[in-house]
Structure formats: structure tokens, C-alpha cells
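Note that the chains are named A, B, C and D in the order they appear, and that numbering of residues resets to 1 at the start of each chain.
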Amino acid sequence: MDLTVTIGNGKLPNPVGVASGTFGYGSEYESLIELSKLGAIYSKAVTLEPRPGNDAPRLVETPSGMLNSIGLANVGVERFLTDKMPFLARQACAVVCNVAGSGEDDYLRVVERLETHPDIFGYEINVSCPNVKHGGLALGTDPVLVERLVRRVRGLTRRPVIVKLTPNVTDITVVARAAENGGGDAISCINSLVGMVIDVGARRPVLPAGCGGLSGPAIRPVGVALTYRVSRAVSIPVIGIGGIMSADDALQYLLAGASAVQIGCATFVDPSIPGRVLSGIADYMTREQIACVQDIRGLLQ
Amino acid sequence: MDLTVTIGNGKLPNPVGVASGTFGYGSEYESLIELSKLGAIYSKAVTLEPRPGNDAPRLVETPSGMLNSIGLANVGVERFLTDKMPFLARQACAVVCNVAGSGEDDYLRVVERLETHPDIFGYEINVSCPNVKHGGLALGTDPVLVERLVRRVRGLTRRPVIVKLTPNVTDITVVARAAENGGGDAISCINSLVGMVIDVGARRPVLPAGCGGLSGPAIRPVGVALTYRVSRAVSIPVIGIGGIMSADDALQYLLAGASAVQIGCATFVDPSIPGRVLSGIADYMTREQIACVQDIRGLLQ
Amino acid sequence: MRQFSATVVSNISLCRDLYRIDFAWDARAVGPAPGQFFTVRVSDSTVPLLRRPFAVSGYASDTRTASAIYQRRGRGTDLLAARQAGERLDVIGPLGNTFPPPKNSQRCFLAAGGIGLGPVLYLARHLVRDGRDISLVFGARTSAGVPAAGTFDGLSPAVCTDDGSQGFPGSAIDYLNTLEPGTFQDTVLYACGPMAMLKEYHAIAATHQCPCYVSIEQVMACGVGACMGCAIRVTTEATYARVCTDGPVFDSGVIVWT
Amino acid sequence: MRQFSATVVSNISLCRDLYRIDFAWDARAVGPAPGQFFTVRVSDSTVPLLRRPFAVSGYASDTRTASAIYQRRGRGTDLLAARQAGERLDVIGPLGNTFPPPKNSQRCFLAAGGIGLGPVLYLARHLVRDGRDISLVFGARTSAGVPAAGTFDGLSPAVCTDDGSQGFPGSAIDYLNTLEPGTFQDTVLYACGPMAMLKEYHAIAATHQCPCYVSIEQVMACGVGACMGCAIRVTTEATYARVCTDGPVFDSGVIVWT
């Protein structure tokens, strides 16, 4: 059975990764999950400088989902390399660094620094962060900016460059094509939706930042729909994300056109989910006599 | 206690209405709900010609939500006037006609016909339907088209014109301002999100149309966030919609900036919900000594 | 129709696959007739969100006790199976139309497959009480899907199992095909079960030129005709009919069988 | 830490507002120490979605039985209260840090408010077993929040109720303020309860210049330090600390009290 996924000049051992921001720097889950079984660990967003993150509370549960307002809290690229990469480098699974910034140069400088480390599989460019120059809207809402950013990142590395799209746009296929034109090797689809919960008793939003990112099973139908659309608009692989809790959910993404998937907040709910999703996909392939996980994509009627 | 809501030159008796497409033409719920207690009934979309709607199945449940692909199934404006309006006209509550079409002229001709009936409170212009001329994207994704359409509808009527926005856009405030500039009297926020569910066993989308509209508690955080944004971008009233199941949920929308709310699929779940939402809002106002429901909007910190 | 909070009288397993729930029907609601259904809010959580529809399988007008026979299929019916006597059930009913009565001279042939048993059983008892001559056939995949004989109280159905583990070996359709063609003369067919089975009954009825009424299932949101969600394709000008209010019982000739 | 499927030993109501659940701790997991907590997946549905964290209120290393004292507050704890002896519980633990032990000469003053009782009770028993001199104060809103004396097995806390319905009339803080200042000499304060209460303990400790350790609650997603969701503001360079892994026990001087 062939479970591998080719992305650019790299190959992931299997299609089930753990999503950025939900798996820290890997070591946090070491005693609960066999990390070597993961297709890839997508790191928490790495920025040029360390970021403390947003004010508390940062989380609130919603019907079949959750809102987060972490605010890219991370140790910064230098400490990522010195403190976090040694552990990650020892793992058998691929390490993809999720890269974020407030302006184009930030992204480029982070990638430049990460290029110095030999054990990084590739980059996931998170264009969903609010961008100051872009009127507070995410950089990822503007196809011109996305194409230029991806092209410049492309110029810095031969490693796989994955572009992670925001669902909060009118036509996600336009941004996906921009990422492809810029030289991106794959699309991650989707980041969280914009959401807000108001504490009626306190008469204020639960999150001090007001809005947060909505994720979890609630958004799965949105993720599947956008994966379906994006995978028909580009010819590079698509990595489906959003609300995956089971192998059946992951298979919805693969049938919709994804080549791989990422598990986000389901790992919080039950750390055995990534492993069970992978074994469930393998069982499905056995049962349905599918030799290659990449063939699932073509089976949708 | 003042529960009224002023919209254009009209006044709704209270802020709790039932959303378009979830309440048929009113008579369906007559034996289950005291219709006179409703702030408004928003009719199923009315189009120029009768429409049979989409192929079955048209519904699928999702985590804390549902997808629908009804396809604007409706009796058309003529039969709406002859068969459906007589019942609606007898009700004490306001009747708002949800108007849809595949092109601008469709909308205008429907409104022209509806103007002939004396007992219609106003119109809710549904700009979320996919628009053929607009590359299949909803007309409501283009602020220029929205402003022009609203201006032309405005030219036909003195009744309240409410514009119902789609959440599937990059910046909903731009479309909201276009609706205000065109002369709209209020904004309904939001229509359903794009979503898809795939039947893994059958290897095809559950809905023959592929994508459907996601609604229910799952989307409530999105509705609250967009209501918060829209109500800060325009000075006309905003009607909050999306996943309201209780008075507390409705109060989230009112605190976020809405002047009124609509209950959609919660009525399917429990037809007593619209009534309980209204009495819950009234209880809250008594408890918190708020005289006017319109004052709730200003209470968010 | 009314929405009411019903008390569960009993909720028991009939066989491995089927359960029966009995509950007190609201005194202010019209009693349900054969073919009609009701919806239940199975949880006050938002998962599952939508009410679940079930056909009435019997109604005792003296005690105002209604029943339904159901299969555990997913979270909704799991939660229903967990309800105990004395607990409350949020019910809306009666919903939908009813089986049209046979003409005076007509014999009645009733066929049920799997969870189609409930409505057919209720109709059968109703017809027997009216002194009609009925034949009843019930098909299940295996004997695990066949309830104890007591469930059919007094009626003696021809039981068929696909795997031959009980009664006639084969489907209810196979069984019908073993009957003499004369059986269907001046007969009306009533059926409830999977769509594929109903389609075959329609074909048999067409062959024998006898009327055929089928009770259809479709995913529902409102159950009262408001959402247009439960549409099925029909041959009339309307193109689609709502199963919840135009049905669930249809003349099989009106359905577009696919 | 490990994820394991634990068998519920008992799950009982202690008073109107509080329950105690006892369950078998996994033999391959390290036994939980005072201050540590575990998380439970209360439902296999997606509502509630996130695991719920609870402090360990006791642990018998011979029988490997762990307990927690909890309050029914919402759907998650409602579902927890419905678990019966013999049923399974999906547990991850032990999580978080522990209460630092007192210095040799120090006396220990332990204060718990409401659902803060669990961790404080475990610490108290631990210290008593080590032969330490402890004082224990427990505050609740009303007597409905005060468990039967047996819950404190052998320990005799000063019980305070805001409404004066049992024990000292007033909050645990009010009670502390009635004590002689000398009480806090060479003493370490340990406290768990609502943030507002912890802030006041911090102030009292600062006045008396005694060390103060507080166990903090914050909404959690992962519980293992991965999501950065449970942050609280601290005075160190890091600006924020994670309650789940840097805590839940903090030196009160490190917290930015707001």
C-alpha cells in the first residue's frame, strides 16, 4: 500500500499531519502520541521575533467548535532553531515550519534563517494573519500580494513551499491560483474562520481581541467545500484541513480532492485521533482495494 | 418596555423574526406557533417564475448544523400573491417578502408585482443567490452590483428595503456600505455559509448540487462576528441571523450591534424557540432594567 | 398537529435490530392514523440537531398510547433507545397524510421491509378491525431483524429473510414472485421499506394493474412543509412533492423512480 | 502523562453543589501529586467538544484510586455527573505542576473556595501525613456548597459561608482577617478558588510577607502545553505563562493580578 504524498521535491511518509498551532513544537505530545506515525508535524507559526501572544482568555468553546485568539504566540525563529528544532529533528516524521509575519520581509527573513537548518522538510506560509499594511485584512485576501510573497519565498529555497489559505475570502480559487503561479508546491486549505462569542452577562466579547479563529467539526463542511473548489482550480496538491475527527472525515477531504490532510483541534479532544485517522484510511484502502492513497482523489463521482 | 424596531418608514412590533426559507409561507407553522407573537415573518424567497428547486436529497445534517440545497424552490410571485398572501395578510405580524432572482431585472419585476399588495411590510433582497452573469458567484459578492440593484429597488418602493448579505466574501463591510449607499433601510446578516458533505460510501457529495448552505448553531460565531463588523460600518439597522437557539444567543447578536434578529433552523428543532427567544429578551430587559430593546446595542463594552 | 411533551410508557428491544417505544399521545392532539408520523427532538444538545421522524406503528385510542418501531442506526436513534419509561419525549404530531382506504371489493396486500414495519403493521391492524381481508409480508435481511411473533399480534405475516435464516429464503419481492398471478386481482398493494424495494412493488403493481401506495422516507428538517427539504421527484407538474406533507404515502404511479 | 480508559469506582453527590468521582488510575501512569490535574473527554459527541480539566482531590496509591471533587456547572459536568460506577472515563493525566513543599520550619495555611476544595484537600492530607502543622479554611456561598464533614476525613477546616448559613459568617478572606497577625509568621499560604479570592490571598500574603502559592483555573484546549490557549499574564519576561504546564500552581508574586 502506497501512503506517500509528494509535495514539490519532497515526500511525506503518509497523508495525516497535525496542524499548525495545535501541536506546539511536537515535544508536548511526545508521551501521548507516537510521533513517528505522523505524516508531518506542522509547527506553531514561527515569526522573526518572539511574540507573547494575546491577552487571556484566548479560547472559548462554541457549538461543535472552538474560537482561539492565540495571537501567534511563539518563541521566535532564533529560539525555534536552538530550543525546538533539536527535538523535532530527532523525529522520523517530516517537520514543516509554519511561517508568519506582519509584512513580506518578515516572512522572507524567517525562511532565510530556517534554511540554515538541515532537518526541515519545508515551509507552510501562513498568509491568514492580519496584515497591518493591508488595512488589517489578512495578506492572504489579496492574490497579488500572495503571488509576490510566494515567488520571493520560492527564490530562497528548494524545499517544498506550502501556502496556507484563509477561508475568509470571496473566491478562494483566485488566491490558490496566485499561490500556484508564485511557485508554491501545495495549498493548505483551510485556516480558521472569523468568529466571535459575546459574554452576555459581562456584556463584552469573551476574547479580549474581539474576534477569533473558528475551528473544529463545525467548520468541516466549509473546509470540504473549499478543498473541492481549490483542488479543481490548481494542479498542485491540496492539503485538506478543518474539523477532521475520524478517518471518514479525512476521506471526505481526500475524495474532495486533497492529497493529504491535517488534524487540528481533534488532537486536543483525543490525542489518539491522528493515529486512528491514518489506520482508518489504510483500512479503507484495503477494503476498497486502493493501492495508492493518491488515487482516492480520482474516485469522486 | 419598548420592543419595537424601526426599519425605514416601518416599525416591527418586536425584534424576533423567523428567517426566510425556514418558515415557508407562515401557514405551515400556524398550529404550532402563535404567529401574532412574531416580530416578522420573512417569506421563502419569491422569484418571478415558479421554481421547482434542486434534486433530492436537499438536506444533510452536519455537526451542530445542517446543509441545505433547496434551490429557491417557490411558487413564483403570481401564485405567492394569490395563494400565499391572503393567509399572511390576515396575520398580525409584519410580512417581509424575501426576493430573489438570477438577474437584476428579475428582482425589480418581483418587487413591482409585490407593490400591488397592500399588506406587505417590506422586502428582503436576497443577494446571496448564485448569479449567472456574475460567473456563478453570488451577486452579493460585488458591491457595485449590490448598490445598483438596491438603488433601483429603492426607486420602486417606499416600503422598507432590507438587504440580506452573504458571509462568503472577503470584506462584508464593503458590501454592507454599498447596500446603505444604494438606499437600503437595513441589513440582514447573515445568509448561510458555503459547505459540502461527501458520502464516503457512495463516493459522491450527499447533495446532488455539490455545495449547499450551512446554517445552525455551528455558524453562530461567524454571524455574531459579521454582525459586529457590519453594525460598525453602516448607520442603518442590522438584523442578526445565524444559529440562534436561545435568548442568550439572540442577546449576543443584539449586544454585537443588531437591532433585531431572525431565527432560522432552530424553528425546525423546536417551534417554541422563537417565542422563547422573545420572552427571554423581555426577561433580560426587566432584570437589567433596560426600557428599550434598541438600547441593548449600546451596552457592549 | 401539536407539539407536546409525552411520557414514555415503555421502550423495549423487539429483536437485535428493532425497538419499540410506546408513549402517551397528547389529549389535545388528534389521534394519529395509519401512515402518519411524528418527529422527536432526541437531544437538547445541538448534536444531533434535527428532529427525527418515525412512523406510528400503533395507537390505542382508549389509553391514548402511540407506538413506533425503530432501528438503532446512528446517534439519534441511540439516544432514543436510551429513553426510559417515565421520561419525557418532545413530540410533534400527527404529521403527514394517511394510507387511502381500499375500495369495497378490494383485497389488501401489505408489504414491509425492515423499518417499514411500523406503518404497515398499524395499517394492517386497522384494516383487520374493519373486517378486511389482508395478506401481510415482512422482509428482513436476517432473523436478527425479525421481531418475536407477538409483535404482529394476531396477524400472521409471511416472513422472508435475505439470508434464509428465518421463514421464506429471499426478499419479500422474491416471495411475491412465487405467488400465482391471480393473487393480485382486485387487490391494492400497500408498502413501506427501502426505496429499491418500493420501486419493485411499483413494477409488480404496474404488471398486475393494481393500485399501489407506498410510504416514503426522506431526510427532513421541519416535518411540516415549510422548508422544502424533503422533496422527491414526482410526475406531476409540480416536479417535486414534499414527503412530510404531500406524503409520506404516495400513489406509486406518481413517483419518478430512479 | 498518559491517556487511559479508567473505570469509574464511584460518583456521588457530596452536597447540593458538589460531587466526587473516584476512578481507577492507570497502572502505567505516574500517580498524581497534590496540585496536579487530569482532563476527561466527557462525551463522544462534538458537544461539548473540549476535554474538561479537574484537579485531583485525593489519590490512594495502594488501590490506585484517584478522586476529584467537582461542581455541576454546564453540559460537561452534567455528563460527568451521569457516569456510573463501572462505566469508562477517557482520562489524560497527571498534568501540570505540584504545590511546592513548605520549608522545614514553616506552618501551612490552606484556603479553598468552592471548587477549589479538591486540590487543597489533597495537599492538606499529604502535609498531615508528612507530620506538618496545617490550618485549613473552606469558604462557600451557602451551606449547600459545604460537603458533609466526612469529606474532610479527620481534618477540621474552618468552614465559612457568605450567607452565614453554616460556620463562620462571611468569606474565607473575612475569616482570615479576624485572625491575629501573628498567625502568618513563618507560614506558607496555599490557596485555590475563584480569581478574585486568590488575589486577596496574595494581598494578605504580601502584607505578612509570607510565601503564597495559588492554583489557577483557565479555559484549556490541549492541557499539555501545545496550544498556548490557557495563558495568564505573569510578571516574568515571558509575559504569559501556560496554566496547564507552567502551572496550575504559581507563586502568587508571579501573577499579574487585574
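Criterion: a residue touches a chain if its C-beta (ideal position, glycine included) is under 8 Å from a C-beta of that chain, and two chains touch if they have at least 3 such contacts.
Fair warning: this is a prediction, and the values are worked out from it, not measured in the lab.
Asker: Name, by label, each chain that touches both members of the pair subunit A and subunit B.
Answerer: Of all the chains present, those in contact with both subunit A and subunit B are C, D.
Asker: Could you pull out the chain whose C-alpha mean position is farthest off from that of subunit C?
Answerer: So the farthest one, by centre of C-alpha atoms, is D.
Asker: Taking each chain's centre as its mean C-alpha position, how far apart are subunit A and subunit D in Å?
Answerer: Whole-Å distance between the two chain centres: 36.
Asker: Give, as an integer number of Å, the spacing between the C-alpha centres of subunit D and subunit B.
Answerer: Measuring from centre to centre gives 47 Å for this pair.
Asker: Just give me the whole-number Å value for how far the CA centre of subunit C lies from that of subunit D.
Answerer: Here subunit C and subunit D have centroids separated by 54 Å.
Asker: Mind pulling the residue numbers of subunit C that touch at least two other chains?
Answerer: Touching at least two other chains: 46-47.
Asker: Which subunit A residues reach two or more other chains?
Answerer: 63-65, 216-218
Asker: Assign the assembly's chain-to-chain touch graph to one of these shapes: line, ring, star, complete, other.
Answerer: Contact pattern: complete, every chain touching every other.
Asker: Would you pull the subunit C residues touching subunit B in the complex into a rising list?
Answerer: 1-3, 41, 46-51, 90, 92, 218-233, 238-240, 245
Asker: Spell out the part of subunit A that touches subunit D in their complex, as residue ranges.
Answerer: Subunit A residues touching subunit D: 21-24, 28-29, 31-32, 44, 52-53, 55-61, 63-66, 68, 70, 73, 216-218, 245, 265, 267-272.
Asker: Taking the complex as given, what residues does subunit B use to touch subunit A?
Answerer: Listed in rising order, the residues are 62-65, 67, 137, 141, 168-171, 193-198, 200, 202-205, 210-212, 214, 216-222, 224-226, 228, 243, 248, 251-252, 255-256, 284, 299-301.
Asker: Hey, which residues of subunit C end up touching subunit D in the complex?
Answerer: Listed in rising order, the residues are 45-47, 75.
Asker: Considering only the defined contacts, which subunit B positions touch subunit D in the complex?
Answerer: Residues 63-64.
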